[in-house]
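What follows is a single structure, written as structure tokens, with notes after it.
So that you can tell them apart, the chains are marked A, B, C and D in the order they are listed, and the count of residues begins at 1 in each.
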Amino acid sequence: MNAQATSFTASEMMIVTAARALAGAHTVFVGVGLPNIACNLARRTVVPDLELIYEAGAYGASPARLPLSIGDPALVSGSIAVMSQADLFSFYLQGGRVEVGFLGGAQIDRYGNLNTTVISDYTTPSVRLPGSGGACEIAIHAQRLLYIMRLSKRAFVERLDFTTSPGYLSGGDARRRLNMPGGGPHRVITDKALFDFETPTREMRLASLYPGVSVEEVLAHIGWPIARAETLQVNEPPTDEELRCIREELDPLGLYRL
Amino acid sequence: MSTKLLSMRDAIARYVFDGASVAIEGFTAFICFAAGHEIIRQRKRDLTLIRMTPDVIYDQMVAAGVARKLVFSYLGNPGVGSLHCIRRAIEQGIPRPLEIEEYSHFGMIGRYVAGAARLPFYPLHSYTGSDLPKVNPHIRFVQSPYGEEKVAVVPPLNPDVTIVHAQRADIAGNTQLWGLLGVQKEAAFAARQVIVVVEEIVDEAAIRSDPNRTLIPGLIVNAVVHEPFGAHPSYVQGYYDRDNPFYLKWDEISRDGQRVSDWLDEWVYGVADRAEYARKLGAATLQRLKPGEAWSQPVNYGAYR
Amino acid sequence: MSTKLLSMRDAIARYVFDGASVAIEGFTAFICFAAGHEIIRQRKRDLTLIRMTPDVIYDQMVAAGVARKLVFSYLGNPGVGSLHCIRRAIEQGIPRPLEIEEYSHFGMIGRYVAGAARLPFYPLHSYTGSDLPKVNPHIRFVQSPYGEEKVAVVPPLNPDVTIVHAQRADIAGNTQLWGLLGVQKEAAFAARQVIVVVEEIVDEAAIRSDPNRTLIPGLIVNAVVHEPFGAHPSYVQGYYDRDNPFYLKWDEISRDGQRVSDWLDEWVYGVADRAEYARKLGAATLQRLKPGEAWSQPVNYGAYR
Amino acid sequence: MNAQATSFTASEMMIVTAARALAGAHTVFVGVGLPNIACNLARRTVVPDLELIYEAGAYGASPARLPLSIGDPALVSGSIAVMSQADLFSFYLQGGRVEVGFLGGAQIDRYGNLNTTVISDYTTPSVRLPGSGGACEIAIHAQRLLYIMRLSKRAFVERLDFTTSPGYLSGGDARRRLNMPGGGPHRVITDKALFDFETPTREMRLASLYPGVSVEEVLAHIGWPIARAETLQVNEPPTDEELRCIREELDPLGLYRL
């Protein structure tokens, strides 16, 4: 990668880190927002052959514009295949054809379990969130999961208010014992640091820091005493080319600059 | 071929009764706002509203008080954020309490498939490790008779009425759509009654020129409504774009109950039908939403005599 | 986009191994005789042959001794009568005994669907009162968890190789077909390896002009074989007609083992490949099978920028 | 109907009787051979709006020629809808959308159960027949079943060698007790007479005779003592127009004249 010359935002660093995490992948189940930009950036940088799959039913999409929603008409025109959602969920996702799934949510716990349903109680919620959508199935079936979430104590919690989508459940080989075909959480990409689950207990672990971020800054936003890798790397900042792609091609209006 | 053409007013009056379960499907695309608005105008009550993604249309319908219950899998304003009216109903019981029955996307798809196929259940690999089965007793698990494996199941869903928007149909209801097919076919086959709403009525010959494109046969269709721009602010592939600015604007309007009321007064109660709504939208908006052309390469089915 | 183009010879040599389970699907249409003949020429052995309707192609393959077992749902020469070679194998063990595993059409369809969807079973309303479950222990029944109802189930089917014929694909294997879709999609998604055989190789742009027509994505395709007339005497919608006189003639030939041998010597072992077979068929036959034109009306997907 | 003036064959009488049995129907699941001609004759005479469904996946077919097989390309071009067989069997047939199903077979018993699988023993058959195809599902799901079979003692048997497709099983309400959604056998159309099942026991019953056929002639071809309706009608012979349709339009080569 060429030298970093420009200043960049935390969101841009998230996008770049997510795109780089797609290196070597063939298929990715794309969510809207940051994952969408990250996947399109990956196609322009590390994985030109990456095929984008949208839960709306488009495979091999090649959108001429950045879609606001995952059901945008630009995902249809010029894509390789557009099918019913029954076929998409049965044959592509449950069929094991999706390599990487992107998820995010309101709460995540140390085993990568995810809440996108409610804050507080289910029947009398203080905040009613969107719910699963396809997240529960993506979490179960994708060969590996990437999470994109901003660090905060409200989000990285000791105990979820509701488990919408399973990560490693209670840790260890709990997924395998329940016959879950997908590989489970792989990385958590945040605005300050990158996390992995590369331990036998499958607990989330601080893997690397973004340039200029301290360990303390990270720990302050996590609701449990998190483990960390033996040697903490620092992620490479965005290259000029990555930033140019984001700013000129993928998000010219700066909707995701923050 | 006898015609099934009806006005939207007549179709809703005839097939959507108080207390009915109603599915207006379409995943981001093909969402029939025209039907939803007519249901509001006719002040239907106690409906069970069914949709994978309730979207802005059910936000408006819930705000207008037509719904008793919601069956769904994703409760968001796609690409924008919350559905504030539905949240107010669930969190605060405004304008009335709203019962919910919640699945994942695949669970909802499976329910329609089972309903369409007259199966007692649909099996899927989902919900293991999720709390969803704890709050929805309809999600169950069965043991495979071929081994130890357990698999989740969901029950069939058979809406009293399914309303499907599409590009074109003939007057008998033979319906073709292209683009995001969503669960339009499954929701139609699962329904007791089907209303098809289209941008264009075409000759039977157009349908017969490409039979693989026919997703919904007239056989299962009760009414055909010709309603151009009937899906706005959702979209119809090749006919108009999604009105994203409106979806963003709704995020603001819907935070305030009074503004929602005012909006309904102006855009739903205040217009007689979709034609008036489209005129009110105005030529500039319709022009802004008009896509360029991208035609499919035709295929030869061959003449066999 | 890297190419997956292979000759039929190379594709069969690479993916069809002795003892493999092989599905050559296509319901009356799209039956890839070219692949079947190449399997015979390469003297593959102990195959499990899978097809809803074994048809003349499996009659020939069984006669040639490639098969150990047959998985099927309808054992006839469609519109003509018996498959005499397969009957000789089942009734008399000639040229060798043939194990059979038998379903109904819907059972076979369900097996492919379960295989494609990684489900442990597929539920269907069938087999009640039939003797089929008595002779096939893979057909079982499960109780619905929503009531007293019982429903039949069949287990998943995952062929080692599925061979699918179609009108067109690009070099990456993105495949479009129209006409009788049969179980081509389900059999391909269910397979461990997929060979697609097409009448035409087209640009990716042709595929992308009509994405709803793409039934099989290159994602699941291992090899693409360009083989014009590869389905004869079956047919390809819009490209050539079914050679009904041949199906009638096979009824005579196949009654006599010696005539079958002679036919295989002349038309399979005696030709190097499908191109030679097509030349041997001759221009008059190909002309007789050429249909007139019947083009689909193109549809506008819209350009969204 | 206009007066009968011409001589006709037993097959023609079968075709005409089958076509007339479709009066009032909206959809029919068409088999090849005689049912195919009968359905097309019905469209030209008693039910112009009858929609033909073929198990190959075509709905609303309008074939320009008489197809040899039920997968003929002429059933595709110009039809209303062509779909996967998964959709056809799931949503049309199992979904309860098929009104009339046509079946035939090698053996039928008094309750309309059908054998199309083997003669003698399953594992060492003297004759291996085609098997079920879609017959088992048609028998279970069609709202009513029409059988077309030539009378013979080998076909109308006391006991089937194998039950491929269920009729009324052991009779009475046995179908209903097994939750079979379809209505079961309605008529058996033969080359000599017409049979129904209009009794509480659901036993096959001689309902009417073709012109010039005696009761004894019929009984001689049935392997059990069959019941008969209280008053035996005689079926109307084919009309000139029916014969013209068959001979000039539907079977000009006389393949089904026998």
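Methods note: contacts are C-beta pairs under 8 Å (C-beta built on N, C-alpha and C of every residue); 3 or more make two chains touch, one makes a residue touch a chain.
What you see is a predicted model, and the numbers here were worked out from it, not measured in a lab.
Contact with chain A and chain C alike is made by B. Across the two interfaces under comparison, B-D and A-B, the one joined by more C-beta contacts turns out to be A-B. For this pair, chain A with chain D, the centres built from the Cα atoms lie 58 Å apart.
Centre-to-centre separation of chain B and chain C, using mean CA positions: 37 Å. Chain centres here are Cα means. That of chain B falls 40 Å from that of chain D.
Averaging Cα coordinates per chain places chain A and chain B 29 Å apart.
Residues of chain A found to touch two or more other chains are 58, 72-73, 76-78, 82-83, 94, 181. Among the residues of chain B, those in touch with two or more other chains are 113, 118-119, 124-125, 149, 178-179, 181, 185-186, 209, 212, 237, 241, 291, 294, 301-305.
All chain pairs that touch, listed by label, are A-B, A-C, B-C, B-D, C-D. Those residues of chain D lying in contact with chain C across their complex are 32-33, 55-58, 67-73, 75-78, 82-86, 89, 93-94, 113, 117, 122-123, 125-137, 140-141, 162-166, 169, 174-175, 178-181. Chain B contributes residues 27-29, 52-53, 72-76, 78-80, 82, 86-87, 90-91, 102-106, 109, 113, 124-132, 135, 149-150, 178-183, 185-186, 235, 237, 241-242, 244, 247, 291, 294 to its touches with chain A in the complex.
Listed in rising order, the residues of chain A touching chain C in the complex are 26-27, 49, 51, 58-60, 62-65, 72-74, 76-83, 87, 90-91, 94-97, 181. By the touch criterion stated above, chain B contacts chain D in their complex at residues 1, 113, 116-119, 174, 185-186, 189, 204, 207-209, 211-212, 214-215, 217-220, 301-305. Interface residues of chain C, counted against chain B in their complex, comprise 118-125, 140-142, 144-147, 149, 151, 153, 155, 167, 176, 178-179, 181, 206, 209-210, 212-213, 237-239, 241, 291-305.
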